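For reference, the structures are reproduced in the following blocks.
Presented sequentially are two complexes of chain A, the first with chain B as partner and the second with chain C.
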Partner chain A sequence: MFFLKRLLLALPTLFGVAVVVFVLLRVVPGDPIAMMIPPGASQADVQNLRAAYGLDQPIPVQFGRWLSEVARGEFGTSISLREDVMKLVAGRLPATLELCAVAMVVAVILGIAAGVVAVRWKGRWPEWLADGLSGLGLAIPDFLWGLLGILVLGVLWPLLPVSGRIDPRIEFDPGSRFFLLAAVVSGRFDVLAELLRHMVLPALALAIPLAAALARVVKGSLAEAMTQDYVLVARAKGYSRSRVILRVALRNALIPAITLTGVQFTFLVGGTVLVETIFSFPGIGNLAIGAVLQRDLPLIQGLVLVFAVLFIAINLCVDATYVALDPRVRRP
Partner chain B sequence: MPTPVSRRSFLLSTGGLAAATGLPAALFHGAASAAADGKTLTIAYNLPLPTWDPTAGASAANPAVQSIYKAVFDTYIDQNPDLSFRPGMLTKWGWNKDRTKIELEVRAGAKWHDGSPVTADDVAWSLERAGDPKSGNPIQFLWGKIGNFKVSGQKVTADVKEFEPALFKWMAFLTAYVLPRKAFTAAGAGWEDKPVGSGPYMVEKTERNAYVRLKAFPGYWGPKPAFETVIFKFVPDATSRVAELESGGSDLTLEIPFEEYNRLTQTKGFGGVTTPVSDIGMIFISNREPLLDENVRLAMIQSVDKKAIVDKLLLGFGVPIDTLQAPQYAAFDKTIRTKYDPEGAKALLARSGYSAANPVKFTIQTTRGMKAKDYEMIQAIVGMWRKVGIEASIEVYEIARHFELRARHELAPAAFYNWGNAIGDPSTSTGFAMFSHSPHSAWKTEDVDAKIGPLWGEKDETKRILGYRAVDKYIADKGLVLPLLQYVQPVVFRKGLKFTPHIAGFVLPQNVTRA
Partner chain C sequence: MRVSPKLGFGLGVYLGLVLLAFGAHWIAPHDPLEQDLLNTFAPPAWRDGGTSTFWLGTDSLGRDILSRLIHGSRVAVTVALIAATCAGILGTVLGLCAGYFGGWVDTVVSRIVDVWMAFPPVLLSIVLAAVLGAGLHTVVIAIVVIDWTRFCRVVRAEVMVQKSRDYVTSALTIGLSPWRILTGEVVPNVVPLLITLFTLEMGIAIVVEAVLSFAGLSVANDDATWGSMIQEGRQFVRQAWWLMVAPMVCIVLSVLAANALGDGLRERFDPLLRRERP
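Coming up: the complex of A and B.
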């Protein structure tokens, strides 16, 4: 019932997003047709072109037509790429999801580790170091981490590739756009290593700010957990401080971190727009930049809807986790 | 006594060891040099290839992606690096005596990448399709001027429906690619995965928005390219392209900041070529107040020190120009000059009642980052204008907005733009930029139309070129546009390579050899 309600609430949210994006794109400066006019075109040619894309109709008519098509699962054809919008998005989305997933794993590992270190060695230099690093991680935006990564690990010390998703020389027919998964399933661990090599820098760029935020939350909640009675009992039993932290306190301290992770995942997806561009990573973030510059209205609309669905789905997952962890939420 | 080893501790220790040694080794083994095998050339390219149909969609009219198309497909007529024309898939071409027909001779012995022969029928079909409004060809307006194709052996003839003097020049440029009738129609949507051309390279793999991998075509009719494999990596960000080169991920790149070009070639040991290309920077002048005043327009032009802009701001990566024709274009006339004369500009403004104390005011629009130092250039120009009595306020907009305003004839009185003309014909520069019926012009007046109009259909080529020179002189005398400079394209590559530049700005892999 709880999820049914949330799902029903998602529908007006999606509709609102669709209305805002559709209207906004037609109101902001920049006409996609003007960008397509060939050198010798006449005014009649321009009008014909406009009519061909349905842009000669009033905005409400255009919206009604588009919405009915979306309801049938048709998101139109990209103006700049001349390909079905959903096919384009479906082709790029797996790359972004894989990147975000790897970034999330990295962020969780780094964030929890930093939080634990800060509490374990409270008042000593490891805590100061963890705090300093998390402060730095929060202060510098993801795309700057990306540029820094390129400079250090791509140029000064060229250990990692700085662009793309896979080495173009590698022969690999994944049969799916989820390359990481396909590499594992097909047992191509050489490809898996290459894919991960290409992901290290963009994933780190995305992960560092999130890891920093997680470190702060884990440190706070862990420090609080360490004052609880059950922890004192564990200490009284003679367990070491490290064992108490890892085996007793951390599990409870992770609840707020999980919530934060879910919420931050949406920001992670948003962050791919710039990071994918810097690393020429062929995901939907990269696609979005091109679509905006080209004023590719059908593609932008499709991408924004996909982003919106992703955000809603992630929030639903977070709610589900929260409900599972805290039964009080289920109560009316 | 041996220490007992539990399953958990064994897995933990071996896993930890693997993580500590194997994973970092697998991930951080260094970025291999792309051309380490000597057979592969990797180019960090500035734009992704939107589609493998080089004749349809807006992207087909984008000069910047033509380098990739030209590696895979043959154009009807080819272009030398100096913009002169040479046989491509056509070995002969021309008009009949009264210019009511065109006659083409198709190259014998050429093959498609699937091994089948290129036929005259393929050429006729490609031209017919290009002229079909339903094909989505962005230059359809031009190809539609010929029709009723007839094939006989290696010869193709067609009727001229409307005379287009630059028709054969266009046969070397945008959308002028010969496609295989049979393979194209049979492929349908599958064309994007396995396009078939007749050029020096065939498509081996396409990873949309990421890279394309090409393989040398053994059956190519022309010279064998130096590299067996060519990879175009799509790296739109200029900083990332520089990093690609420095990290060894790519062998050659283009369109990088001038400072980076100097750093890479002077201190990092990379090779480099700078070439003036068929792309110019200009300021559109619209026929609206206060620029209806000829004195103001001429003062605008005379107060801009183009040489200083090129030398100091663009670090020499430009050539000052005074008309819309670059020196390599067919109608370039070196006698048409606009002088840098700030004192003369002051005098002109004084005649219209303006001075530094009482400046003429208007808005100038510009992009920021669309072209190298575009905004900085306009800032410098506004500074020069201020000294003589012109107060221009800068409005920054996106290129999409520029196109929208230009099509509606609503640009600000002055607007910066860059104009490409890879075929070097005056109709493609002065013609489309200054004829009022063109959706791309900003100055729309009858006097200019009266001069350009007759040239559209002029059958005497010498007369047509001289006609455009006269138009350019008139435009310069009246100050109807402010041409600034011809851009210089920087191309950087690793040591051991030799790159032959092309004035059209093409970075053709077939023009890269080992030094």
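Coming up: the complex of A and C.
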């Protein structure tokens, strides 16, 4: 019931995004048709093209048509790539989803580990190291981490691939665009390793800022949990400090960490726009910058809406986790 | 007056940046656009084959990297100052009104902030960049449009705290108008907070400018910006990695300095924090 209500609340947001995007992109100067015609095309050619893309209709008419098409999953044809937007996005989305999922797992592991280390060895060098690293992680934006990764692990010590999703020489028929899943299902662990090798650097670039933020929150809430009575009781029972942290305190310290992961995960997904570009990773983020530079209106609209749906879905998932973890939320 | 190391580092870097930006024409050893095709990819002075003519080496067209970095700081500083100021003014005015007057003003402003923050910054900047086209104005507008909410939220909360203080009640009792209380009494007490927010915002603005110029959405390609230098350097990372590293160091240093300056100022302005961390 709670979930259904949230889902209904998300619809107006989505509609709002659609309206804003559509209106903003239509009222501005800059003619996308002008960018696709060769110089010296006749006026009639321009008119024909405008009519072909529906750009000669009044704006409300264009919006009505566009909305009904979107509802049916038709986003139109990309102006710069001359391909169906839905097809383009659907072909690229799985790569982005897999990358984000891997990045999130990496971020959660790194973040929790750093937070736990800082509390376990409080006042000694591991704490300072964890604090220093999380400070750097927060200050340096994801695309710089990506470039640093390329420089260090791709060029100076060429250990990892720095572009693409999979080595094109590998023979592998995934059957779907979810390569990671397909590799696991078909038991091709050599392919899996290859896929993961390609993901290490982009996933780390996306994960580090989130991990740093997580480390801070875990450290704070863990340190607070350590002063609670139930921790003292566990200690009095003779459990070691490490065991108390991992078995007792951490469980209670994770709720604020989950909230933060939800909020920050949207930033991570947003970060794919630049990071995928840097690593030539064939996801939807990679499409976005090109679409903007080319003023490819149908593609931009499709991408922005897909991103918006992703963000809304993430927030819904976070809400759902909440309900599962904290029964108090369910009460009105 | 003792200056904490954080404050010193932050102030030092920022004063240096401003100095470089305003004095770029006199300080830079070369013209940042001057090409020297006989001297492309010259390494930095301390590496084999480096010369003291080009301290940090040259790029693919033989342009002096140090001079381009110095001229790039003009864009960074300009964007940081203008964008942070505009975002600060917009957010502060709305935050002051919402916090002080409460009621429907507060409801309207808070609702706008909520909706605004639900809209992910990346989407907003993509849409803005698509709408406005590439250019410095796009960068500034994108930062202002996205980040005014930071100022608004914090200022609103602070004003609500200040409003309950005795000095506001006293000012009301002696019959000062709300406008005078707001500008003459409340605002001076919010200024320390504003300065802190402003410095942090400058760091954010520098990063956003770098991101957008890296993506080719900032100033025209000829002008040197740190982001566009990274983008150029990326293509030659295998033969001349320092092309990319030099502007990266500049960005990281500015961001760290902005954070240090913000932290340092907050500690200085807030006696409670100072006591906590002796």
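One rule holds in what follows: the second predicted complex is superposed on the first by the 330 of 332 C-alpha atoms of A that agree within 3 Å, B and C clash if a C-alpha of one lies under 4 Å from a C-alpha of the other, contacts with A are read in each partner's own complex, and residues count from 1 in each chain.
Throughout what follows, a residue touches a chain if its C-beta (ideal position, glycine included) is under 8 Å from a C-beta of that chain, and two chains touch if they have at least 3 such contacts.
All values derive from a computational prediction rather than experimental measurement.
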Looking at the superposed three-chain arrangement on chain A, would you call chain B and chain C a clash or a fit?
clash
Looking at A:R92 after the superposition, I want to know if it touches chain B, chain C, both of them or none. Which is it: first, second, both, neither?
first
Would you check which partner chain A:S280 touches, where first means chain B only, second means chain C only, and both and neither mean what they say?
first
Once chain A of both complexes is superposed, is A:Q62 in touch with chain B (first), chain C (second), both, or neither?
neither
First (chain B), second (chain C), both or neither: which does A:G270 touch?
second
Looking at A:S221 after the superposition, I want to know if it touches chain B, chain C, both of them or none. Which is it: first, second, both, neither?
neither
State whether A:L151 touches chain B only (first), chain C only (second), both chains, or neither.
both
Of the partners chain B and chain C, which touch A:A288 in the superposed model: first, second, both, neither?
second
Given the touch rule stated above, what does A:S80 touch, chain B (first), chain C (second), both, or neither?
first
Per the definitions at the top, what is the overlap between the chain A residues touching chain B and those touching chain C?
30, 147, 150-151, 154-155, 277-278, 289, 293, 295
Within the complex, chain C is touched by chain A residues 13, 16-17, 20-21, 24-25, 28, 30, 135, 139-141, 143-144, 147-148, 150-151, 154-156, 266-267, 269-271, 273-274, 277-278, 288-289, 291-293, 295, 297, 300, 303-304, 307-308, 311
List of chain C residues in touch with chain A within their complex:
115, 118-123, 126-127, 129-134, 203, 207, 210-211, 214-217, 230, 234, 237-238, 241, 244-245, 248, 251-252, 255-256, 259
Going by the contact rule at the top, pick out the chain A residues touching chain B in the complex.
29-43, 45-46, 79-83, 91-92, 147, 150-151, 154-155, 158-169, 193, 196-197, 200, 277-280, 282, 286-287, 289-290, 293-295
Can you list the chain B residues touching chain A in their complex?
26-32, 40, 42, 44, 48, 50-51, 53, 56-59, 61, 136, 138-142, 192, 205, 207-211, 213, 229, 231, 233-237, 239-240, 243-244, 246-249, 397-401, 403-404, 406-408, 428, 432, 437-440
